[in-house]
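Okay, so chain A shows up in both of these, paired with chain B first and chain C after.
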Partner chain A sequence: MSGKQQDSIGMAFLDSLPRRWVTLYTPVIVFLIVLLFPFYWMAMTAFKPNEELVSRATNPFWIISPTLAHFEKLLFKTDYPQWMWNTILVSVVSTVISLAASVFAAYAIERLRFRGSKQTGLAIFLAYLVPPSILFIPLAAIVVQLGLFDTRWALILTYPTFLIPFCTWLLMGYFRSIPYELEECALIDGATRWQILVKIILPLAVPGLISAGIFAFTLSWNEFIYALTFVSSSETKTVPVGVVTELVEGDVYHWGSLMAGALLGSLPVAILYSFFVEHYVSGMTGAVKE
Partner chain B sequence: MAEVTLKSVFKSFGSTRVVHGVDVSIADGEFCVLVGPSGCGKSTLLRMIAGLEEIGAGEIAIGGRVVNNIAPKERDIAMVFQNYALYPHMTVHDNMAFSLKLAGEPAEAIRKRVEEAAQILGLMEYLQRYPRQLSGGQRQRVAMGRAIVRKPQVFLFDEPLSNLDAKLRVQMRTEIKALHQRLKTTSIYVTHDQIEAMTMADKIVVMNGGNVEQIGGPLALYDNPANLFVAGFIGSPAMNFLPGRVRRADGAHTVTVGPDVEFPAPPGASIDAGREVIVGVRPEHLRVSDDGVPVEVVVVEPTGADTQIFCKLADNDINAVVRERHEFHPGENIRLKPQLTYIFDPASGARLA
Partner chain C sequence: MSVSRFFNNRNTLGLMFMVPAGALLLVFLTYPLGLGTWLGFTDAKIGRSGQWVGLENFIFLFGDSVARLSLFNTLFYTLVASVIKFLLGLWLALLLNKHLPFQAFVRAVVLLPFIVPTALSALAFWWLYDAQFSVLSWALIKMGLIDEYVIFLGDPWLARFSTIAANIWRGVPFVAITLLAGLQTISPSLYEAASLDGATEWQRFWHVTLPMLTPIIAVVMTFSVLFTFTDFQLIYVLTRGGPLNATHLMATLSFQRAILGGALGEGAALATSMVPFLLAAIMFSYFGLQRRAWQQGGSDK
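== the complex of A and B ==
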């Protein structure tokens, strides 16, 4: 630290403590509070007994006697485990389908350079810009006509409509950062297009694949409109829809269970992120290091 | 091992023509260098030989087999790229073994050939490392190792040394030449550096603007440049060019460059008196001598072994390299005597004498 200060005497005034409070610590603390307070409130409510929840006498930011009653109700008196299973199944399958399709699409657009590849890339991206709140109406008609209404397949097959454009676009950027010479070299070494994709491009694109995968997984995990529209029976619902439709009865909000459901529902995504955060960052910032 | 023949090869990208009918034949085992300024079409030509670029028109044959419609992997060639193009996710061993694995060679044979190549290139202790853990020179060797394990008929090099620092470049230059002398594989080497071309080549193809300017051995190009471009491109420092007019006096030709400044024409030259020409003289063919042409010293650059003197002759720059040590100062008037001159036509650039 002392060496650093010696090197940068000209900028040293920036390091003074009051200034750091103004420029660094205070904004960071404000940000953290704004971002984390909802999670704190969620966790608080999930463990609070009903009496404390409605009591005016107790401190609303703290629990006096924590309870697991809300979780018990959620897990044993509702279809929550089934919703969780549905969400996992739908998210994983639609992510895998979308990633596979996106890899082929992105590679073809970026590297096969066929006539109109640029326009195709652009068209795919434009498809992503159509808001789901408009798209769900025609999609609902299609889902019903295919006889998929109120099945998991309705969601597995409709989620890729927004996942594929997104993943394709992300992977295109990533493939672009892989030097062209590597493929030419492999071509001379005797590899076919398929071998180039599998043995050269995909291993190098792992960070890109991970970030596309995490994004796709999160998007489908949190998806609400399609899940609300295309399924109706409790056994086929996903967590986001199940929690708000089954735990709100008329004007009665089961706050404790609602928050417990939200807490359990956000855990898998949080765990997934924490595992891949490094890959994720390098995937978003791109560039293959030689 | 094979000879490579190019017959009136053309190439254009869209409406831009980049190679205008190139005819070259490279003998079996020859080291041929394609040299020229950037954008002259040399890399495109190499990529056409490799099969990475479609051949616009004409014919390319490797070992007597026309390869126009043959995929790169069927051409039995190996290529070394400027940025090495090593597979970053594979070890040195796997990089070198990749093509053999694809060809379905047995594991034992792959191991033997990779080790053989690693031995030649001094890479034995790096086989398990990744490219990012190697220095520039080592990466360059791996790229060459990847080429030689396949025992191809032809090696193609696309400016392989331009990413290295000056010292390493000289060292690798010698290594590549030694490797060629050992393996005697036909090699085609692209560079923009005429020194690389001169030092490595058996045969140099000088290209400019998509055309071949001249083909020949290094010394043949140096001694007998066919035109202004080759004369100016081959040799370092570059040849001096001075505009002048031919004069005939006492049976010999001279070129008048300025008032009372006469350059002797090469012996046996027969050019019409009064014709406008360009006279060329190499810096190393100028001597400091009392019976030379008068020039004014502008800058003196001693390098130890020799001294480069930048001078003004009337309105023209003239540059001399002398072995002797002189104490010249800027502004001083000295006399330089040309030992050997060339005469070119100013319009076409063709050599007249």
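== the complex of A and C ==
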């Protein structure tokens, strides 16, 4: 992220303004409109009264008389608040568990360099490439066997399967960037490995911890296939699964409350993202670049 | 003394530090991976452990027209979506790499489709694709391009392309932002040297940008292909595999067979059948597009 100023080749002033409009501004604007339109549409629908939703006569891109009825229905007549609470609980707990396990694993692989640490690092990376779509069937069998079916624990314990590989891989990169000399000095001064980890490595790796934490939280918040498979009663569902499975009743689609649910469910990650854009991007690109 | 020595030994301590992560991954990743493969060779149903049936599931699936269709759909979906995601993503990355007003804001906003829950944004697409009230149809009619509302998800090929469009919408930001990070690591001196040698903008792109970017393209596209090939939520929300199984991917079909239909063995066999394709994609990117020393700023040895 260092070269922000020098990125355009330094001769941009030679481009005439009309040329920049054709080759740069117009395509960017079109990209932005296409990428953001579904969110605009989500918001429009969520505040629109039902009569306007099904009318083909009025201009659909605007609301004549905005209403909160859909949100009211969502918050007071469905299990939505419960789904929200479940999602928060599952995401926070599985993120904390994964982050703790990953810190130890990454430190061991990257700094303790125990016998077999190279192979372990590779195995972690390969674990990262295993998609949930091929794991959910056997995992469902295991979840049932352990008696965890239809509990939040089923999700809390299975989410680390994709969170730990990701966080470990990311943190390994961060630990690698911390000078080894710092640790050597501390070792000579008689610090234990535990003290080194807690007092030297962790404080220096805070940006990495934030990146990993935010990314892990978002991944668990957005998880769908495990939550769909391992949980069946409405009170245990997460927001994405609850909205998709419980708010669709037969052939009558309540688009207003569906979009209100989608909007509210997207908001927490969007807000979190807006506060930590840089960490998020460095987490995403860091994991790919290594 | 000996106790603290023991705990400071790198092998002992290393293993102890690996225990939490290792235990979770062994129980909930490695074991299910093996169990899934095993289930694929049994006739397990929900609530009943199965008997070994050898290749029976795979032979059955091979003869099953829906399973074959799902394989075609998956390959088509992955191929078309990945190619377009790559081209659009690269274009967007190049655009974002230039000087723009509100640069930081634009870059941040672009990633939104990637960070919100896919199931929820897929709902927005479902609404956009609605046969009766689609605003897309409304706009096209007002522009005079069509006469009737489009049934986006009702016709097999239209449904395929509609789901692919939604997948592209979600995937382009990821490709663009990661490639942008790659673009920013290319030294400007390379472009200056190329310019001094009289290279045109196109030549600079073809002979400097693209070769320097190849390693990161390989990684990004491997991830993109893996995620697209194993996609589930988008299809589940938009079509559940319909119409006439035209959009069933291997992942959604295995969910239908194993979880809804109860045929765990068959579903597991279907899921296991995805593994060779995934391995092939990883191998291709690893051996075919491996990074070379000069691409990392070093010199060829």
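In this text, the second predicted complex is superposed on the first by the 262 of 290 C-alpha atoms of A that agree within 3 Å, B and C clash if a C-alpha of one lies under 4 Å from a C-alpha of the other, contacts with A are read in each partner's own complex, and residues count from 1 in each chain.
Here is the rule we go by: a residue touches a chain if its C-beta (ideal position, glycine included) is under 8 Å from a C-beta of that chain, and two chains touch if they have at least 3 such contacts.
Remember, predicted model here, so these are calculated numbers, not experimental data.
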| item | value |
| --- | --- |
| Touching partner for A:195 - first (chain B), second (chain C), both, neither | first |
| Which of chain B and chain C A:271 touches, first, second, both or neither | neither |
| Which superposed partner A:239 touches (first chain B, second chain C, both, neither) | second |
| Chain touching more of chain A, residue-wise (chain B, chain C) | C |
| Contacts of A:225 with chain B and chain C, given as first, second, both or neither | second |
| First, second, both or neither for A:141, with chain B first and chain C second | second |
| Touched partner set for A:17, first chain B, second chain C, both or neither | neither |
| First, second, both or neither for A:57, with chain B first and chain C second | neither |
| Those residues of chain A which chain B touches in one complex and chain C touches in the other | 288-289 |
| Residues of chain A that touch chain B when the two form their complex | 179, 181-182, 184-191, 195, 199-200, 203-204, 288-290 |
| Residue ranges of chain C touching chain A (in the complex, touch as defined) | 4, 7-8, 10-11, 13-15, 17-22, 24-25, 27-29, 31-33, 35-36, 39, 44, 91-92, 95-100, 103-104, 106-113, 115-121, 123-125, 127-128, 130, 132-133, 135, 138, 169, 172-174, 177-178, 181-185, 188, 191-192, 195, 204, 216, 219-220, 223, 226-227, 229-233, 236-237, 250-251, 254-255, 258-259, 264, 267-268, 271-272, 274-275, 278, 282 |
| Residues of chain B defined as touching chain A within the complex | 50-52, 71-73, 77-79, 81-89, 98-99, 102-103, 131-132, 146, 150 |
| Residue numbers on chain A that touch chain C, as the complex places them | 1-4, 6-12, 24-25, 27-28, 31-32, 34-36, 38-39, 41-42, 45, 53-54, 56, 60-61, 97, 100-102, 104-105, 107-109, 112-115, 117, 120, 124, 127, 129-142, 157-158, 160-161, 164-165, 168, 192-194, 218, 221-222, 224-225, 228-229, 239-241, 243-244, 253, 255, 258-259, 261-262, 265-266, 269-270, 273-274, 277, 280-281, 284-285, 288-289 |
